[in-house]
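One chain, chain A, links the two complexes that follow: it is found with chain B in the first and with chain C in the second.
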Partner chain A sequence: MSTRRTFLKLTAAAGLAPAVASAQGAAAGKVVVIGGGYGGAMAARMLKALEAKLDVTLVEPNPVYTSCPFSNSVLANLREIGQQEFRYDGIRRAGVSVAQTSATAIDATARTVTLADGNRLSYDRLVLSPGIDFNWGAVQGYDEAAAQKMPHAWKAGAQTVLLRQQLQAMADGGLVVMSVSANPYRCPPGPYERASLIAYWLKIWKPKSKLLLLDAKDAFSKQRLFQNAWAQLYPGLIEWVPLSKGGKVTSVDPATLTLVTEFGSHKAAVANVIPPQRAGAIAAQAGVADRTGWCPVEPVAFESTLRPGIHVLGDAAIMGAIPKSAFAANAQAKVCAAAIVDLLAGRKPQDPILINTCYSLVAADYGISVAGVYRPDKGQLAEVPGAGGTSPLDVVGGFRGQEAVYAESWFRTVTAETFG
Partner chain B sequence: MGRVLLPALASAVLAAGPAGAADVPANGPPGASSCTGCHAPSKLADSAIPRIAGRKAADIETFMREYRSGAWPSSVMGRIAKGFDDQQTQAIAAWFAAQPE
Partner chain C sequence: MANVLVNAPKTARRGQAVEIKALILHPMETGFRPGADGRILPRNIIELFTATWNGVEVFRIELSPAIAVNPFVSFFAVATESGTIGLRWSGDEGFLVEEQVAIAVE
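Our next item is the complex of A and B:
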């Protein structure tokens, strides 16, 4: 009771009269969602669709969301950045209040969120889907200023455009160097899709150029499919250097575009550094990130195991065997929304089943995929044995072309479902 | 604090009750809400992926069984269908069948 009184006082103090009214009246509870990406935007929308009486606020500073999925196609001139952009009008139309600002602090005990615009929101349940932040300095010399010379392009938008401009300005014969982080990071096959599509573009526009792929690991997602396709489509163009052959980049010099590995150094004409990552900073502030920098959750409603009442979705969470993908964030959001409606109604949420599918383009008309089915097992989300796996290695006819078409269909469907 | 709020919420939600009957949330039995990432429950966007909302439950089940056994060729559905048993598939098929075409 005392907690509730504090909660009312706080919202009143923050001048949020409507929130107080809904908390006192007969309507359902109040859910705040932080982060309007694939996880958060879908969760906000699904919560409202499942229970119109819920008071749902989405907190997101950017008026426009720029999608990472298909942003590698922008680098290869196959799409324009505008095709990656989604607004929040559809989400507002669905009855969600959108607070265009960022969350600066979360008090898990008082159940309040402080916003950069000075307001404070109270919640019965909080959903966090803040995506990633970079571990600046983990690769020595790679900080925010360095990213203006050696873009990461691992959050889509200005960085994507910068990397594309650099590629286009490069002389034919210039060396493109990519550096890839160790696991875990956002979108396991993403760097290899990027290498493929840059190679696709180089082959047409800068045929004397090469791409050096420096990797801090010895194996990667869909590896044989990628490597077979590279040998077939881009022979001699992509050189992959694994960890054991000196692939790990330990420092960079942005002034000279030099990348230093344990075995030597490489001077690039264009350098793309995909640095080590962690959950978006607000997660650590809220106390839901552990020492790894990511957020442990239980496998049914994705509630934090560190702070009750806070659900973590998408890239920020440790989701057992499920990779960090937009497909997965979207699937988790729908499961989480249904679970929150149950929890607020005093019902026990059902055990979920989740699917993940990551499509990658190796060329404009050449798609491959990896899929998995997951369910709770011993407190974790585990892969259902016998299901999932990658596209076949040997195929006939138009199989790869068909998967490229399905990839784009998925993108159109999931962005329509999420942003409307 | 949960104790104070929950009873009120519970009755409000149950009265509005989309979930009413068999404890199936409005976004479907386990797994269904992942299918919709590719198979939208309503016509949302141009897509080469076949629509399954509003199709006969028995047809959806037959497809899923044949994808699982490999009798019917597919790019991705074989890998997905193998993650669902007959009972789970049946529940999902019934839910999609009940969605508007």
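Our next item is the complex of A and C:
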């Protein structure tokens, strides 16, 4: 119980940090934010909220943002894709200029961003929150064309709808095969939530079907909670094949929906390939991505260690122990905004405390969670020992149902705060 | 006890280079790590992996403590004649596992 108390105390402290910065704010300047997801949209809005004199531009080509969190529920028919969609009107109302175009080039020395519409923006500070791109070809045969046959559905939207249509069109008894990348990738527990919710849906609508989960790892987030729930709710339905049992998929054949591992091959009725990933393409163009494809940053203002003046948030960044989640991106955005206000006013940003919570649904009314608390330590964000933790393994009464409700409350809160 | 996965073609043409893949479950304990009680865990690694084709050694590696848990080995060998590919892992604490697969060469 003392862990829970520590966690709450730190939550309160983290909540206060931006308010303190706001009271002292006297900064002016130009900030450009690239990428309108949970990191970028929140950062743009928070910058303006903390310091109204800032000139803040959000660069985002899509008029509508489609949320990955809760998109697995769309696959299981528990939500419609429209419930995942958010517009930028609230962000405009908050005083942020929204440039509905993409950034094509960044000059870190001249501090300018070139846009696809031909305009050029200058900045004092640049925030990059470009999310992920896929390493096409890392799984042999898996390219953009293959993703039309074997959807990744790891960027929500048309791909989510495609995978759902394929599941619905599948004959009862068909084999669903999922392939999961090695670390790091967007949303560590996401593939296992997806397997759970597809199983939930199969059990109702295609009870003769099975799900094969081919994994390039031997361990995963909330593993015991997931596996206990699978045994309880979906006995015999989900088969997890870890790396050490030959689970790593090395190539695919989209024409025959075949997934090939080091030791065998599997023909799917529906195949979902979650491929290896890297930071969104603009990060490499800007010179902030390293050889891993991800962006190293310092742990206080999340400024690139490769290019000064550029801050990187969310899934694109390597943030020490903090996972690639929407919750984390959103928390990083708030910390980064406060730090930028400080830096522009000539103040030293204070060390942050960040929190991450990931809820996963295992069934419509069965939620589990993992929480962590992070602070800078030796140039990295390190997990604070004893804070956070996962849902208990043994629970009574409506505990799992309550966590499913919390999950939905979190989603409503974070999307209202960011886009509302 | 040991769990082994092997992937080798069942048939090959004479002179063809065939790929043989093998994975074995093994902790590959380095001998440098402290355990829960603070004492150094004794080294427990696979030291040697060899492959033979009808008894003739065609591939050999010496493994070191830096090699990760559950070693995965992939190598090519030239198909000479029909028979048996023998795989052998040996190491600390008397560890010894042998596995055989048949291959037909035309």
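Definition applied: the second predicted complex is superposed on the first by the 393 of 420 C-alpha atoms of A that agree within 3 Å, B and C clash if a C-alpha of one lies under 4 Å from a C-alpha of the other, contacts with A are read in each partner's own complex, and residues count from 1 in each chain.
To be clear about the criterion, contacts are C-beta pairs under 8 Å (C-beta built on N, C-alpha and C of every residue); 3 or more make two chains touch, one makes a residue touch a chain.
As the structure is a computational prediction, the values presented were derived from the model and not from experiment.
Annotation for the three-chain superposition on chain A: chain B and chain C fit side by side.
In the superposition on chain A, A:S251 makes contact with neither chain B nor chain C.
Taking chain B and chain C in turn and counting the residues of chain A each one touches, the greater count comes from B.
By the document's definition of touching, of the two partners only chain B reaches A:F399; chain C does not.
Within the superposed three-chain model, A:T357 lies in touch with chain B and out of touch with chain C [touch as defined at top]. By the touch criterion defined above, A:G264 lies against chain C but remains apart from chain B after alignment on the C-alpha atoms of chain A.
Using the contact criterion defined above for the overlaid structures, shared-chain residue A:D218 touches chain C, although it does not reach chain B. Of the two partner chains placed by superposition, only chain C is touched by A:L243; chain B is not. When the shared chain is aligned, chain B comes close enough to touch A:G388, but chain C does not. In the superposed model, A:A345 makes contact with chain B only, not with chain C. Once both structures are overlaid on their shared chain A, chain B and chain C have a minimum Cα-Cα separation of 23 Å.
Note for the complex: chain A touches chain B at residues 1, 3-4, 7, 23, 26-29, 46, 49-53, 111, 124, 327, 330-331, 334-335, 337-338, 341-342, 344-347, 350-355, 357, 369, 371-373, 375, 384, 386-389, 391, 399, 402-403, 405-406, 408-410, 412-417. Residues 1, 4-10, 12-14, 16, 18-19, 23, 25-27, 29-31, 33-40, 44-49, 75-76, 79-84, 88 of chain B touch chain A in their complex. Note for the complex: chain A touches chain C at residues 218, 243-246, 262-264.
Chain C contributes residues 3, 5-7, 21, 23, 25, 69-70, 72, 74 to its touches with chain A in the complex.
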